[in-house]
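Presented below are the structures under discussion, each in the form of structure tokens.
You will see two complexes here that share chain A, one where it goes with chain B and one where it goes with chain C.
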Partner chain A sequence: MNDLNTGELGGAVALKASDKPVADAKIQVKNLDFFYGKQRALKDVTVDFDANVITAIIGPSGCGKSTLLRTINRIYSLYPAQFATGEILLDGENILAKSCDVGALRARVGMVFQKATPFVLSIFENVAFALRHYERLPRSEQADRVEKALRQAALWDEVKDKLGQSALALSGGQQQRLCIARTLAVSPEVLLLDEPTSALDPISTAKVEELLSQLQTHYKVIIVTHNLQQAARVAKQVVFMFEGEMIESGSHEQIFVRPREQKTSDYVTGRFG
Partner chain B sequence: MNPIIVRRRVANGIALCLSTIATVFGLFWLVWILWTTVVKGAAALKPQLVTQMTPPPGSDGGLLNAFYGSFIMITMAVAIATPVGVLAAIYLAEFARGNRVGTVIRFVNDILLSAPSIVIGLFVYELVVRPLGHFSGYAGAVALALILLPVIVRTSDEALQLVPGPMREAGLALGLPHWKVTRTILMRAATTGIVTGLLLGIARISGETAPLLFTALNNQYWSANPITPMANVPVVIFQYAMSPYDSWHALAWAGAFVVTVFVLILGISARLFFKQESTR
Partner chain C sequence: MEHTVTAYDVELEALTSELSRLGGLAEAQLRDCVGAIGGRDEALAEAVIARDGMLDGLDMEIERSAIRLIALRQPVADDLRRTIAAMRISTNLERCGDLAKNIAKRTLVITESTSVMPPTSSIERMGELVTERLRDVLDAVASRNVQAALDVWHGDKEIDEQYDAIFRELMTYMIADGRMITACAHLLFVAKNLERIGDHATNIAEIFHYEVTGEPMPDERPKSDSLVGDRSQTHR
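Here is the complex of A and B:
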């Protein structure tokens, strides 16, 4: 994958996502509208998410950034009153189509939420539970996979001696990393994170951020954050949303240093939000 | 002193006084009832209570057949109502979220919850006793199950709805089917609430008399077969308390005492269970 806007932090010309060839985009959102009942939360959003870089979606509260994220694995379809129109192409395949199998989709597109949601199971089972749903593995291999996922989530050393204990006994930061491990265990291609560190202390936040930068080589990571420093630290591609519209998408130096849109400039310089 | 402050203090004093009196008034009767039950019941507690059958007038006896009958009928009622109730609650909380059918079912369930138990007794009389041609332990169990069912539906539904939304979403976001998320993740998180509801439901049906009068009736003798009329504690208490014999009165008090203690134990275990689970 030849990313046009990686490795150019020094200030080469940043390309807009939409200028780039189709093959570079893992996910293409086209003319997406989203409704909570009658309320329209996304307005004609069109944006490409580049493959194998971290994309941050930023914007003020209520701008639709979480909503956009929630359409990408169709988690919204749990709620009958919510629906989306338009297209979201994952490797060229429209996931909003009726024929799309949401179970299979969500196995490819994992999601981590703002609030850590450990299941009322042991630490081991939290990770192994979904894994067993997809693959019939012998016990030993299962243990290997759980260990691998926990290592990837930088949690292994802290929990290796208490895998049988309840996950609820872990600290908030550990719980969040457990949720990431649980999602990684089923080997998704895309990882969606909805403000994953907003409830964490700075040390846990740093650990999660470090983890994300390691993950980007294997996964397409999309993170929603209202912390601009975080977006600047971890993301190569930044998407700015405002009042349900996609205002600007580009490399992080474009968004933070030379934004093309006045609204983007106002937001990143702290004039509103 | 500032007259406004004085007035506020007086008002405060009166309000405090009135609410204290109201509490004491309510507690007074409760304590009196419990006290009478304990004094008269404990005095009548004898080993024969659990070794002998209900006696004919004038001779000694116990309540063994009544305890056994109650135990069997409550167990059957729990066996019928728990799976149906929990499954119905799963439907309501997970698969009928926010739709009309769910709202209607919840409303009907609430009506069943507050239906007078004598009506349920008469209903089961028509449904089971008449076609069979005689009273039976099965009919009693069905009547108790119908009283227990809405309690279980309500508490399990609420317990499932209390499971945080993100946990449901997190399960689904792993690509798992909804039933699997429900069965393994949500049910586990809701277990405490469901078990608590069940315990309180059992406490509720263990004192029910009216529905059993029309269904299980009673039995002076040992009867282990639920197809026959079965003895049970509430109806025995009712009949013996209305009788003119002192020995029967004593047995009625003993029965009342045992039921009260049983309900108390269920209530306390429900609380302990809830507390232990939610602080885990």
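Here is the complex of A and C:
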């Protein structure tokens, strides 16, 4: 087991606990280390994220799942003491390279957080703000793009008659779908969601999960969740992290019916964590 | 390692314990129905028939416990396979019980009839072999021994061969003495029921293999059924 993540034998060993690499991986993480100052939070992580399926990253508190997510759109770059080494290839291009345009990256890779983060603006302006940041569009086209994003987020029918109202007046579930719409407005390729339904009631959770199922055909969706039933319901690929290491990556059937690693089995069956 | 929620472990252990009880009952039914044939023991045959209800009740209880576990615990991985395996093994054991009851009923019919009785030593030997196989597979499950279960799985061919031999033996008795036809006809069904119990023991071995490894058996089940004949020969 120790050989899995020392990297002594290179990538072939690090992939030992994974399914065979998928030919069309959207994102390939290779030998990724991440540091919060001197503290090493990710240890030689190597994993492929399959295209056009939802991938769930699971693991106990402090395992590094949110840290891994935050490397994929380099949001950690906002904080000087945080840095990453290794490679993350998005369609073959290393996004950790110094030459990478981080602003453009964050249009391609959108993020939604556990707590909904609507701006203190109207519903319309919340979505239009993101558009205006990246594109110069005539007002009519802006309106069309806002409508399209709200429809994609399955929110249009609920808000079409009150686009001018404050986003803060929406329910928690609606605010979260508004945040998803805001992300979708700039036509990303990847959606990162960090425990997006932890603060929502079961019905809102179901609506967001249904939305994600529809979005996966057009976007690469990666969701961090501590809700194992949610991971089993929505994700086709599951990655299990523990103490900063990638322990096992595989199909949801493999992870939840016949996991290969004892630690994975212990975690999903509720024997620790 | 135990579950963080201890009640979960308690429920899983209870399921395993109920399954062990059902296994013990099925084994006793089989042993007694075979003993009843050899000893022409009507009282023993009647006891087997009367006891069948206990196996039915226990099978239903196991199904209820497993369904409850699935609904309330959402088991995954080996807990899921263990729960599903318990339900499926229970069904197979309940069927063994039904077949043993059927054998006991036929024993009563033969014993009470005026038909001439053929020798039953071959059937008794087959009954002992099947009893041993059932005991072996249940021991394998209790001790979590996959290799022992595989041995039972491979041994199904021997039971099939014994059934073929008994079939031919009973045919010769019927041809030789018409007064034996009634008893032999019943004994044909008895032999068939024993062969079916052997199949159920093999099913249990397959289910247990999947429970432990998460994979189906790698090979085709070894079968030997020469009674139907080689159709490629007859169509030459």
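Simple rule for what comes next: the second predicted complex is superposed on the first by the 250 of 273 C-alpha atoms of A that agree within 3 Å, B and C clash if a C-alpha of one lies under 4 Å from a C-alpha of the other, contacts with A are read in each partner's own complex, and residues count from 1 in each chain.
We adopt the following convention: a residue touches a chain if its C-beta (ideal position, glycine included) is under 8 Å from a C-beta of that chain, and two chains touch if they have at least 3 such contacts.
From a predicted model like this one, the values you see are computed outputs, not experimental measurements.
Partners chain B and chain C, brought together by superposition on chain A, fit side by side with no clash. In the superposed model, A:35 makes contact with neither chain B nor chain C. With both complexes superposed, B is the one of chain B and chain C in contact with more chain A residues. By the touch criterion stated above, A:259 is placed in contact with chain C alone, chain B being left untouched. When the two complexes are overlaid on their common chain A, residue A:111 makes contact with chain B while staying clear of chain C. Looking at the shared chain after the overlay, A:183 reaches chain B, while chain C stays out of its contact range. Once the two complexes are laid over each other on the shared chain, residue contacts for A:119 go to chain B alone; chain C is not touched. Of the two partner chains placed by superposition, only chain C is touched by A:272; chain B is not. In the superposed model, A:81 makes contact with chain B only, not with chain C.
Figure legend note: chain B and chain C, brought together by superposition on chain A, show a least Cα distance of 33 Å. Residues common to the contacts of chain A with chain B and with chain C across the two structures: none. Residues 1-5, 8, 74-81, 213-215 of chain C touch chain A in their complex. Chain contact summary for the complex, chain A toward chain C: residues 228-229, 232, 255-259, 264-266, 268-273. Listing the residues of chain B that touch chain A in their complex gives 97-99, 164, 166-177, 180, 184-185, 188-189, 191, 280.
Touching chain B in their complex are the following residues of chain A: 73, 75, 78-81, 102-108, 110-111, 113-115, 117, 119-121, 129-130, 133-134, 166, 168, 179, 182-183, 186.
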